[in-house]
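Heads up, the next two complexes both have chain A, just with different partners, chain B and then chain C.
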Partner chain A sequence: MDEVRLIEVKEGILADNKKTAEALKQSLKSKKVFMVNLMASPGSGKTSLILKTIEALRKDLTIGVIEADLDSKVDSEKIAAQGIKAVQLKTGGFCHVDATMVAKGLDAMNPDGFDLIFIENVGNLVCPAEVDTGAALDAVILSVPEGDDKPLKYPVIFAAVDVLVVNKMDFMELCDFNLEAMKERVRALNPGIAIFEVSSRTGQGVEEWSNWLKNKVREYQA
Partner chain B sequence: MHELPVIESILKVSLSHGAKNNVQKIMAIHLQVGELSDLEDEWMQRYFDHLSKDSIAAGAVLKIERMPVVMNCEDCRESFQVDIKNVKDIVCPLCQGKNNKLISGREYFIKSMEVL
Partner chain C sequence: MDEVRLIEVKEGILADNKKTAEALKQSLKSKKVFMVNLMASPGSGKTSLILKTIEALRKDLTIGVIEADLDSKVDSEKIAAQGIKAVQLKTGGFCHVDATMVAKGLDAMNPDGFDLIFIENVGNLVCPAEVDTGAALDAVILSVPEGDDKPLKYPVIFAAVDVLVVNKMDFMELCDFNLEAMKERVRALNPGIAIFEVSSRTGQGVEEWSNWLKNKVREYQA
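Take a look at the complex of A and B:
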């Protein structure tokens, strides 16, 4: 009878993705294209925030969007209707985008000449946080109706991002949402995080968030 | 849904090492999984059984070791383990600093395989 032997593997599953993501980062840096990975739950307002941000910044920056969805074009059609270049990635049931998928989207877009490219990740607070997309900035939206306990339930994503946008601030009166407690929870996980309070519907806070983002793009390009 | 791509990647890595080492059958795979992973052992095994059924890894047992969440203090450079369920106060045990960075706890690492 054959003997069972032990072979060493010593390989992480995200190693390949990490390499692809690093290569993307370098390539985008050399082209001075700032890429933002925007993550959030379904219905938190990712597309609306992107549209509002485009409205605020389109006179200063050339902006493109890579839309990731399981299997639809609803969001990319909304973006394209504004005259903004949008590329649709269908993830075919995968719950997040990885660096290889983003690379395909960038090929379809031809990033030369863009200042800012958003990746609208699949609506999900779980696994997008674990996968490097090659973006220069990782952002998460938490909308008020979702509740202030989300950083407790999905700590990984709140620990991993550079910026949190609290969206649907106009819902605050209707919800038992403790903004200060939520911020405290997030900062315990991620002390350096930037936090913005906005409402894409009323426009509250959009200017502040957009200006901050524009400065990030300019710093990166300098 | 996250199980699918994760387990697919684990299988891919295992099979490529199996091919390199002239393996006839993979009996067990020793995995190190960070405590921040929300994948349950039972479901990882079920997805694995489904995806591996026509390969040399069919029937292999996933032996999963959970790895602690480790953070590093940006102020005094001390590394320490964190009970991640207790998110209220992540402070450095040495200098009480709150400026801490995640070092590990999110990994899926294939350590070794038992093979024929």
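Take a look at the complex of A and C:
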């Protein structure tokens, strides 16, 4: 493997992406559209959390969703079924979403008039961590069945995000999951991180998380 | 982004890797060492399944483990605590394991005399799917809390593997998981795939999976 060539190309791509992401951020700021990049493992509950958050906030905010998947429309169809505008990006095997893909999704959506747009990133705790999507807020979900050691094993993403949502709290009894130890591991990587404990299934913690998010949107729009 | 350049570099790297992987396969075959590449999402239970399989097979087979993580020794320490030879690869942020990394791990382990070596790949359903590690068998774990739609959303990996282990079967009652629908989705992508249903926690199905794997090792060594 020609590692030097790989690293050069990777750095070039990340630098080009950064420029695209900055332009997106400025454009969205001028339109007062708050974009959230939601990342997590496959199956941690990204789509369900988005649906619960929409349910909590749709009376106050106009919300849209950009769904990204390797090759399916499963998630965008779930969102659209709730009467929410959803655009599906097919990454064609690509392991993360970059700012150019998001720009295409926003073009398809027409973001004017939206208060809040979620990007549901590809299910992957590794690759999306380094790539700026142009979002104003980066969030990661960790679901309880995944285990409390994940911040040790995937430190880059836990260090990079603004907020951690611990999902599937209703599985706590079945799992050997030390919540305090997990939080300590995350805060050692990222002292300023906000942490919420929720269950999309039972509704636990959804109101607190949603209210926090609504305040972030309002601060950004002020 | 210069997509053409990216694709050229990616294809060059995959072609170089394929050569390294083929050389590894020949070398391991001559030594009668059966190597399994185990892939899955973060938290689906790769390490626990390896530990349960070792427990079932250690009286019959000499087993070693190559653990890969972005930047931690959590998993190799769990394996070594059971008196099993374990080597830790730190991928330094890299999202998958390639044949060159595995060759380094094998050098550190000295594979002579082993019957079975597991590679525990980085927790990621996307990137590892396309990269040949030199293993004789490719396996993926899908855990029940992740959801039955994962073959629709991550088709490349389900099409590429020889065997699927459905883990955390003891979570079935808590989850809205349609086992038959999931299997149909997988078999539509990969008609020849072997499928096992296990719970590393309760031990359900571990014997059947372990015996199947032992037979694969013995056929390979014959």
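Structure notes:
FYI, the second predicted complex is superposed on the first by the 209 of 222 C-alpha atoms of A that agree within 3 Å, B and C clash if a C-alpha of one lies under 4 Å from a C-alpha of the other, contacts with A are read in each partner's own complex, and residues count from 1 in each chain.
Methods note: a contact is a pair of C-beta atoms (placed from the backbone, for glycine too) under 8 Å apart; a residue touches a chain by one contact, two chains touch by 3 or more.
Just so it is clear, the model here is predicted, and its values are computed rather than measured.
In the superposition on chain A, contact of A:I13 is made with both chain B and chain C.
Residue contacts after overlaying the shared chain place A:G43 against chain C, while chain B stays out of touching range. Once chain A of one complex is fitted onto chain A of the other, the partner contacts of A:K153 are limited to chain C, with no touch recorded for chain B. By the touch criterion defined above, A:R185 reaches chain B but does not reach chain C. In the superposed model, A:K168 lies in contact with chain C only, and not with chain B. Residue contacts after overlaying the shared chain place A:C127 against chain B and chain C alike. Which of chain B and chain C touches more residues of chain A: that partner is C.
In the superposed pair of complexes, A:D69 makes contact with chain C only, with no contact to chain B. Residues 2, 5-6, 9, 12-13, 16, 93, 95, 98, 126-127, 130, 152, 155-156 of chain A lie at the contact with chain B in one complex and at the contact with chain C in the other.
Note for the complex: chain A touches chain B at residues 2-14, 16, 93-96, 98, 126-127, 130, 151-152, 155-156, 159-160, 185, 187-189, 191-192. Touching chain A in their complex are the following residues of chain C: 1-2, 5-6, 9, 12-13, 16-17, 41-44, 69-72, 74-75, 93, 95, 98, 100, 122-127, 130, 143, 145-147, 149-150, 152-156, 168, 170-171, 174.
Touching chain A in their complex are the following residues of chain B: 1-2, 4-6, 9-10, 13-14, 17, 21, 23-24, 27, 36, 38, 84, 87-90, 98-100, 102, 106-116.
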